Amino acid sequence: MRRVIIDTDTAGDDTQAILLSCLSDRVTVEALTIVAGNVPFEREVENAKYTLDIADSLDVPVYEGARQPLLKEFEHATDIHGEDGLGGDLFPETDVESAAGFGPDEIVDRCRAAPGEITLLCIGPLTNIALAYAREPDLPELVDEVWVMGGNINCEGNVTPAAEFNLWVDPDAARRVFDAFEVTLVDWGVCLRDAVFDSPEFETVSTFDTELASFFESVTEQARAFNSEGSDDPGWTALPDSVTAALLAYPELREAVSTYHVAVDDREGLTRGYTSVDINGVTDGEPNTHVVESVDSDAFQSVMYSLLQSRDPDSGVAE
Amino acid sequence: MRRVIIDTDTAGDDTQAILLSCLSDRVTVEALTIVAGNVPFEREVENAKYTLDIADSLDVPVYEGARQPLLKEFEHATDIHGEDGLGGDLFPETDVESAAGFGPDEIVDRCRAAPGEITLLCIGPLTNIALAYAREPDLPELVDEVWVMGGNINCEGNVTPAAEFNLWVDPDAARRVFDAFEVTLVDWGVCLRDAVFDSPEFETVSTFDTELASFFESVTEQARAFNSEGSDDPGWTALPDSVTAALLAYPELREAVSTYHVAVDDREGLTRGYTSVDINGVTDGEPNTHVVESVDSDAFQSVMYSLLQSRDPDSGVAE
Amino acid sequence: MRRVIIDTDTAGDDTQAILLSCLSDRVTVEALTIVAGNVPFEREVENAKYTLDIADSLDVPVYEGARQPLLKEFEHATDIHGEDGLGGDLFPETDVESAAGFGPDEIVDRCRAAPGEITLLCIGPLTNIALAYAREPDLPELVDEVWVMGGNINCEGNVTPAAEFNLWVDPDAARRVFDAFEVTLVDWGVCLRDAVFDSPEFETVSTFDTELASFFESVTEQARAFNSEGSDDPGWTALPDSVTAALLAYPELREAVSTYHVAVDDREGLTRGYTSVDINGVTDGEPNTHVVESVDSDAFQSVMYSLLQSRDPDSGVAE
Amino acid sequence: MRRVIIDTDTAGDDTQAILLSCLSDRVTVEALTIVAGNVPFEREVENAKYTLDIADSLDVPVYEGARQPLLKEFEHATDIHGEDGLGGDLFPETDVESAAGFGPDEIVDRCRAAPGEITLLCIGPLTNIALAYAREPDLPELVDEVWVMGGNINCEGNVTPAAEFNLWVDPDAARRVFDAFEVTLVDWGVCLRDAVFDSPEFETVSTFDTELASFFESVTEQARAFNSEGSDDPGWTALPDSVTAALLAYPELREAVSTYHVAVDDREGLTRGYTSVDINGVTDGEPNTHVVESVDSDAFQSVMYSLLQSRDPDSGVAE
């Protein structure tokens, strides 16, 4: 059983990644650390707690981390994720207390306490990870694996033509993390190819009539509206964070993984947050990032259905 | 009949673009202007003259232009194109004189003399065009169309992961040209998708037994060797310059053309020469570049066969 | 009495700033935080403890902070400061333990515990301060004052033509600190003008025959050798860190202080760490950095003599 | 007698540099080339012709050059130089025709025709020189000397804190010129130290009662107003262009000249146009720029008085 810390800017699909990880027996979620990203920080914290509550996992501590990127300015993506980051409807407050301690410090302390045992599942901007590394330069040796949802490999970005949201928000942190850690990367492109829920999938989900199915519909509503091309098109949504969580939990979903040198552009301007992936090996950079290039999308769909219908994502993959 | 100036760093596939344009009745080649690029400048000039000789077009004047990029340093790509840029075998010298005058000046003078009548076919780095614009700020209004082979749209570059050769060599010039002119762009990606000659095509060409077929085999030999994956793989080659010439001459080859804002990164570093194409319209940039997104590859093949077999590219397209 | 945390890359002149602050009754040193800079980190930590020992101030806790800049690579300046950063002679180990806790965390915790009471005396690269700010965005309101030795205002830098060491080493942190905090700045230029010890001063110090005088000669030996122009020139040294400590402790030394907008260049390249100071008010930047433009150099000399001769820097300034 | 081409964005002090050069027997002005800079291009051209008229030098051809910087955007400095660049009063049109040919082409052609004989006196942005170099990469060997007024060495700039006008306007061209040519540099700092006319000098000039004195008062009026600190302060002006012309004509004015590596920052942002001068020799850059560090300001004043009083600048320097 993998021990996992989820670093998340909890809004929309982050919630499904948290649910999946909490409800799977393949991984143990040791803690959540919250990072500035999608929506106002306090909403992210509240979203994370609400999600843990739904997962009956309120024993998982929630640590508040960086409230802003390492260096750069940014604005929230509330137009996509809705006011509360769960899709426009305000959920009730949980009254759960945040755990004492700063997110990046907790990452360091927990990895020091169990060297080589903790895997980081990073589904937001990488500020907290960069701050943890600033405190503990040996962190790359102390972690087990580092999974990152981010970047756009030879495809249009989702913030600018050149960049995906998580890497764009804090490109300085991202550059640091890709340089220092052996990352496994799930980029926006593979999510678009292999982790999209469109009308047929939503119709299936609508038949489940469960709390999780209803929650799923609620948190994806805003993204679907954003991707809709008119009033009679219900729209689609990619599930980048949950597919990353699924790929971590279920190795059988990884259809193709290649190892390349990956570099992130940390400069302001046209290419802020751009992901350079040296597929042809023409640069001097060491190939040390494992890029997931293809996902078993049927199996992923099956995992999600099992999660939403029976709170048991593991039953979605064959024994 | 379109009046065309071809701006070229003549080596390899540039020769086929020149041949096609000279031998087609759809366009009149008014002049060649040579720009620093693929191989040493003097070789480019000689290659251009040799190609005109083969096309029986020595009446077309060859003007020497910029011998180096506007600002940046670069090295020649002689490892791909061979010592003489035609594929490793040295062709005899032509003893043709270059025309008097500096390439960019000629572009300006000819466009001033025939406002709205001259189209620029740019199949090398854009240094000459930027220099012409520096001399004549009204050049964008004086030209007819500006066709550019360059850039890599949401695909791996062929020099660095981020950049294609022509834009990488002189990104300052490229940025200037895309900002100031209404460019029609043929990028490296569409060439890889729709303008590749592989073993079957080369087998066909080998049956032609013509001077042009033999010349074609000769000039593509080095590129095929570069793209070969072993001694028993004869390799393939893309034909970016000739497909650009063909698209200009034959509108019927243009299957899909969209207009986007395109910006080129002129900074040194990771993204030198990167092409940002705002497909989703998320930036403030005005959409003023016409991007050829799909080519009728069968028709292009047919044009090339007609060119190589019977010196009559026009017969490759239906009446 | 001002409560002060000294953030230091302890080597050479940092030691005198620590001594002066510990031995003055004008300020109370609450803690030292160590930051990557001049010499290998472990040596800096040891140097700081050795200096506290000499000052009979081993009750001041030493917290270890960032072992590397926020983002950029750098090399140590051991050629100037000697192997141990005190001037080439290795001092005995102190066997003092570092205090538990990460330097930047301590800065945050202590400022939270005493809002508006703690002044930061920053005489190394600004990594720790930027990390503290990353953890606590309200830190600028929680501190009293922030004194920084760094930058070169309209004068040659001491690392590159454009930059001074402290800002050059971690320009990302520096930019962040100048943007977020109301800094009082002592730059390399004012140190060269008003805080240099040359042969006459060293001759005076050599007559004192005290432990501190001997320590001073030892820690400045390497810098003097670096600034010597030949074997018969004993060389000079600037005292940037001690003059900053003195300016903080003794307002009477501040001859001219102006408030300008200051910005630091965080980009790699020619101007990494450059200090832009908008003296003429031509930019939009808010003037919020207090620049010490002139120091009472006689009084500073007097303070240093009193420190070195009688361990009583306060007696160097008139009642 | 030195043969000189003056490259100028004629406004204000450019006129005095032209007058001085035309009326001195030490130099022969072969041509003026006009470059985009201080004021609208057409005004610069007209200003240049008007000045030649006053100098009885209408035989000197005026070539129009670059109407915009190589790559960057900029705005005119009409607030300093007045609407017509001569200080607010509109002078009559001259009806002189511009010579046929593009400025940069003329520079190339004239230098090719007389290798090693022509000196360039550059008192505007360096666009024309960079364009000439783009056409003729051997230009650095074909010119005699290249004198440049520009940059600010370890002093506040006059456009931004980091940059002087001429280098700021076209930093790309400036970088190219300093990299490729062996420049002799007169920076803004030495002009402020040694080439300022303040109230006493203007009082002297006001006693001359000559056409040139009146013209001088007229062209400096706007700059004086800009530098005035109130209604009863008539203000001062630096004479950067005329002191550069004087230094070229009269070697006896050069009190101190050192050779350093100089690099110009061509990036947008904080340090656009910054002049890095490696006085301490800490970079790898080859020292190949001759920096005038001190001027005989009394002799310069004397030259200017002789120019303005008797149209004979040469009589201002001792035989």
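Structural remarks
Here the chain labels run A, B, C and D in written order, and each chain numbers its own residues starting at 1.
Going forward, a contact is a pair of C-beta atoms (placed from the backbone, for glycine too) under 8 Å apart; a residue touches a chain by one contact, two chains touch by 3 or more.
All figures in this text were calculated on a predicted structure; none of them were measured in a lab.
Contact with subunit A and subunit D alike is made by B, C. Both subunit B and subunit D derive from one sequence, and where they touch, over half of the residue numbers involved are common to the two copies. Inter-chain centre distance (subunit B to subunit C, centres taken as mean C-alpha positions): 58 Å. Put simply, the C-alpha centre of subunit B and that of subunit D have 42 angstrom between them.
Centre-to-centre, using mean CA coordinates, subunit A is 43 Å away from subunit B.
The set of subunit A residues that touch two or more partner chains comprises 267.
Shown are all chain pairs that touch, namely A-B, A-C, B-D, C-D. The residues of subunit C lying in touch with subunit D in their complex are 154-156, 159-162, 263, 265, 267, 269-271, 274, 276-280, 282-283.
Against subunit A, the residues of subunit C that register as touching in their complex are 66-68, 70-71, 102, 104-105, 127, 131, 134-135, 137, 172, 175-176, 266-267.
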